[in-house]
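First the structure, which I've put down as structure tokens, then a few questions once you've had a look.
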Amino acid sequence: MIVILKPHTDDGQISRVLDALKQYDVAFNVSKGETVTVIGLVGDTSAVDREKISTNPFVERVMIVSEPFKKSNRKFHPENTVVNAGGREIGGRTLAVIAGPCSVETRPQIIGIAEAVRQSGASFLRGGAFKPRTSPYAFQGLEAEGLELLKAAREQTGLPIVTEIMSPKLVERFDADVDVIQIGARNMQNFDLLKEVGRTKKPILLKRGAANTVEEWLMSAEYIMAGGNSGVILCERGIRTFETYTRNTLDLSAVPVVKRLSHLPVIVDPSHATGASWLVAPLAKAAVAAGADGVIIEVHDDPARALCDGPQSITPPAFAEIMVQLKAYAALEGRTL
Amino acid sequence: MIVILKPHTDDGQISRVLDALKQYDVAFNVSKGETVTVIGLVGDTSAVDREKISTNPFVERVMIVSEPFKKSNRKFHPENTVVNAGGREIGGRTLAVIAGPCSVETRPQIIGIAEAVRQSGASFLRGGAFKPRTSPYAFQGLEAEGLELLKAAREQTGLPIVTEIMSPKLVERFDADVDVIQIGARNMQNFDLLKEVGRTKKPILLKRGAANTVEEWLMSAEYIMAGGNSGVILCERGIRTFETYTRNTLDLSAVPVVKRLSHLPVIVDPSHATGASWLVAPLAKAAVAAGADGVIIEVHDDPARALCDGPQSITPPAFAEIMVQLKAYAALEGRTL
Amino acid sequence: MIVILKPHTDDGQISRVLDALKQYDVAFNVSKGETVTVIGLVGDTSAVDREKISTNPFVERVMIVSEPFKKSNRKFHPENTVVNAGGREIGGRTLAVIAGPCSVETRPQIIGIAEAVRQSGASFLRGGAFKPRTSPYAFQGLEAEGLELLKAAREQTGLPIVTEIMSPKLVERFDADVDVIQIGARNMQNFDLLKEVGRTKKPILLKRGAANTVEEWLMSAEYIMAGGNSGVILCERGIRTFETYTRNTLDLSAVPVVKRLSHLPVIVDPSHATGASWLVAPLAKAAVAAGADGVIIEVHDDPARALCDGPQSITPPAFAEIMVQLKAYAALEGRTL
Amino acid sequence: MIVILKPHTDDGQISRVLDALKQYDVAFNVSKGETVTVIGLVGDTSAVDREKISTNPFVERVMIVSEPFKKSNRKFHPENTVVNAGGREIGGRTLAVIAGPCSVETRPQIIGIAEAVRQSGASFLRGGAFKPRTSPYAFQGLEAEGLELLKAAREQTGLPIVTEIMSPKLVERFDADVDVIQIGARNMQNFDLLKEVGRTKKPILLKRGAANTVEEWLMSAEYIMAGGNSGVILCERGIRTFETYTRNTLDLSAVPVVKRLSHLPVIVDPSHATGASWLVAPLAKAAVAAGADGVIIEVHDDPARALCDGPQSITPPAFAEIMVQLKAYAALEGRTL
């Protein structure tokens, strides 16, 4: 941590700042310039309160040098984390492909789609039972019944299931029923929910909030890991920008950035990022080329009749074609599907 | 709702789109141009699924004409809503001034600040008991004990209390203990929490999410109102932009925009928007000039020792000065403090 | 400037970084922590190339402490700059009110509007002769003829004229003909044009680019001032964000921020920021309350027939009403109109 | 174009709106709903002034159905445009790889880099002679001398040269000297410059502005094409968002989006988008996977000594490695390098 004093601070004032810093268990080093004096704090600065120091009347600015995330930080855990989820690995040599409809609608629908995506090589089934919708008047999902249908589809196909949780009241149920618990973008900073899922042993798929920085995303992973659950899978799904042609702007740079900052696996959701089925294939390929550990793709047998997110869903035959392409791209990265 | 067909769609294709639309109970009107055909849906289109129609292969785009919010919409409720909160009104002629520290820290701290802001004319006391912090390692608030201290401060000063809820598990307790339940910016689309507070009778202070549009904000108000709770107070607190000089960018245009779109009261939080104490006074005055129904201001007796958000807190004497200025601005708007 | 080395850099590596820094004429001070070493550069670091140092293999990050703008910096010029423009002052006790149509259209139009706004108390006439339009097929302004009409309106009313320049080829002509040369938001980083107008003696109204930070804006002012022209007036006109309800998001925080960082006058353009006539009055008042040195407002005698920007133009009677309100707000700030 | 009237507009008011519309040479069709009436304008609406209609007191909103770009629109020109630049094609089966330093510095530097990138398979040499720098105190390029050095490097290696123009005064010279004239991101809406280069016959590399939508970008291409120059190459180089980890956010979705909307070739600049050399390889591969027609990559023989943009430059050996990888990715897309 670096404390920059206001211009022309005199020796007496510098002493007063140093006195205030002495309460923390860190060493410091003073650089006096002609106009500006800089104090470097060294040692474990995680207990130092940056905001408090900022309010000191002689302090101009406080800059943080160390990254504030610990358990998710690659510096302290250089090897890639491989998350085991329902018997499959995420973050290893094999890319994870999570496919399925936005919403679970009926037993034949979810089982039919699950069979289809399994045959094309998907490794996980996704499907929404509890749906976060902008409007209270929109379809909110089949809820508990949806979970049962997902379990039936898992039994039929062997695919582990991934589905979103919205309420801390359901954590026990999700822990018992699903293979990967998804935290949606809107709940990325629902700290209460993060703490609750941090107490389970289930892998957590943590979507990036549409307006959250990479650092905030890793801090939310930190909330889960601080609770004892180290099985966090990060998922880039587009950020909010001024561009409205696509629903959000898929930030593929975040993939190599996260791989460098953190040891956690990172996957990409081109369906929600763009909101357009015709953009799924090019961006899924680009995600693999950028180094993602997998993709999550919305597949619906009849997009025009889907109860939600139809415009971005692709059909099972289109999904099968994408899988063929992704396989070739994965091979160039030394990976398999 | 307006459905724009792809260029050069022929009569047979137009018929097929019309057939698909006939399932909804709306009238429609077809405008055939040289290249583009447009179908206008008229009547109550709230049950029409925009996304489904978008996936029709002959449809280029679907545009929404009516605003999707109903209960919060000024069109259906032309008069201003005045929310009664702990015996005070928000949204009427008198501006609401909510003041207090970021976090409740100790009994003398919260009572001392409450007394001070009451003497300067504040109408509500704010203070965080449960704190949403980006880092799991940062101070998370005094929690239940904080609520008790707020109640003690209310008893001492008579000021109604405003504090943030983060967990649906605490709704009953907040309903019993506090006067205004705050939903923080990060939880603006925590739909589970919105539904829970919608079942109480307590006024809800709904902060705008840092990356949410005015329309999404009103849709979140709609979630609360759809549950039967019409006492929603909107609070603009800055949006996330590329500009990093201020913590967020205070969107004061949102004040007159919301007043036009909705009948709900809207207040402004210059402290969180800017993150800098020296910006509070000019932006609080600007908020009143733009037509806000009140402001929420962080006040701390010793900002340099505050457990959170010190840099944006002002002292009680600085608050007293701002109140004098706001009074003059309020008068120009025909309002009182 | 502060240079942060990579974690676990050893003494030999630190020496190599120091060797590389010795080429610059600055002192430095090394703080060695347990994991991270920090080097503070003190003295005049303006000649130190931050980017070069960043590429050193042992360097993690380089942070800048001093602000990169000099001539526009309040630290080196504590008093407010008052710009004299056509006999009127901008930045002094009297607020500047610049009013007029988006485009100059006809002689009676521009003279009629000029007369009307002068009677209501405007201090400058604005009007576009050369128009920056997104589409090459849209009306591009009356060009040279527009300048002549502005001069005629000035002769008739005595109001100094403000108009936008788009081409360096016209600098000589603008220098001869107009009182304030406007650089539009899209040209804020047209460095070629900035250099050219920096060689004139005419006041320059520099609009903030819709996607530019306050620092970049001040650096563009620096381009003009580095050429010898110190008469720069800054104009906040909204930044580009995800919110689409208003055309741009007016960043009123920028007003007190710029007043703190710089000695240059800053005015606000609520018309272009919002794109809606009904938002002009509340935001013009808010601008004055936030400390602006003036406003620029689009006025058209017949907005429905305006050749551009009709939706955001107000009529002369509406302008007269706003002036009455602004006068009262100005008085609260100890200023006059 | 669709005109939505205000709620409860009566027949007389509708007639008045229709009268106002009759001045345009378009047909229209009225859809009267219970609360809202909608008027569809059909035919060639390019001459209809959307803004004027918006100001009609009975009009709520005007929506545009047709895209405003014509010459760059794929609807009117379904085949891909292949631009011939200095004897090489851009937009055809072979991907364009434009490589070279940020700035031309010395004769040996530019010739050495040109030789190196040619040997690795680059098809064009880039290098800045006139540099757009945020600070007037930063190195501004070798200017005319830089152009001469580029020409020398072309003569030596046979590589066509790409360099940025900043001033309309230099159009003639660039037209004579260079193979592809680059318009930088900051000048994307410098309409004066766009018009000037539109009068040349040289291919124009048009970078997307950091805060410009895809539609605005195509409108700027339209400015060039409207002048008679159809050889426009679009270049995505990152947009400005709240995320600060990378310099800008590379918007790879823009590649398939532009390919769908327009027939023009589109290439990607991962160096400027990210500002970090270690991000160039993953994002260059992702760009090819997303369907780009080429990439532009900064290469410097000694990034630590580069006069600008060192942190994002890669060395010639690193470039050679990337070329090997890109070749494999290109093959998967049915393309060659």
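For reference, chains read A, B, C and D in written order, and residue numbers begin at 1 within each chain.
Methods note: contacts are C-beta pairs under 8 Å (C-beta built on N, C-alpha and C of every residue); 3 or more make two chains touch, one makes a residue touch a chain.
If you're wondering where the values come from, they're calculated on a predicted model, not measured in any experiment.
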**Prompt:** What's the chain with its C-alpha centre farthest out from chain B?
**Reply:** D
**Item:** A-D compared against A-C, more contacting pairs
**Value:** A-D
**Message:** Could you work out how far the Cα centre of chain A sits from that of chain B, in whole Å?
**Reply:** 26
**Rounded Å distance, chain A centre to chain D centre (Cα mean)** = 31
**Prompt:** How far is the middle of chain A from the middle of chain C, if each middle is the mean of its Cα atoms, in Å?
**Reply:** 39
**Message:** Where in chain D do residues touch two or more of the other chains?
**Reply:** 211, 240-242, 244
**Fill in**
Within their complex, chain D touches chain C through residues 20, 46, 51-52, 54-57, 68, 70, 132-137, 166-169, 186-187, 189-193, 195, 209-211, 216, 219, 222-223, 226, 240, 277, 303-306, 308-311, 313
**Item:** chain C partner contacts - residues on chain A that touch it in the complex
**Value:** 2, 4, 7, 27-36, 38, 40, 42-44, 60-61, 63, 65-66, 75, 211, 240-242, 244
**Partner chain C, residues of chain B touching it in the complex** = 211, 213-215, 239, 241-246, 249-257, 260, 273-274, 278-279, 282-283, 285-291, 325, 328-329, 332
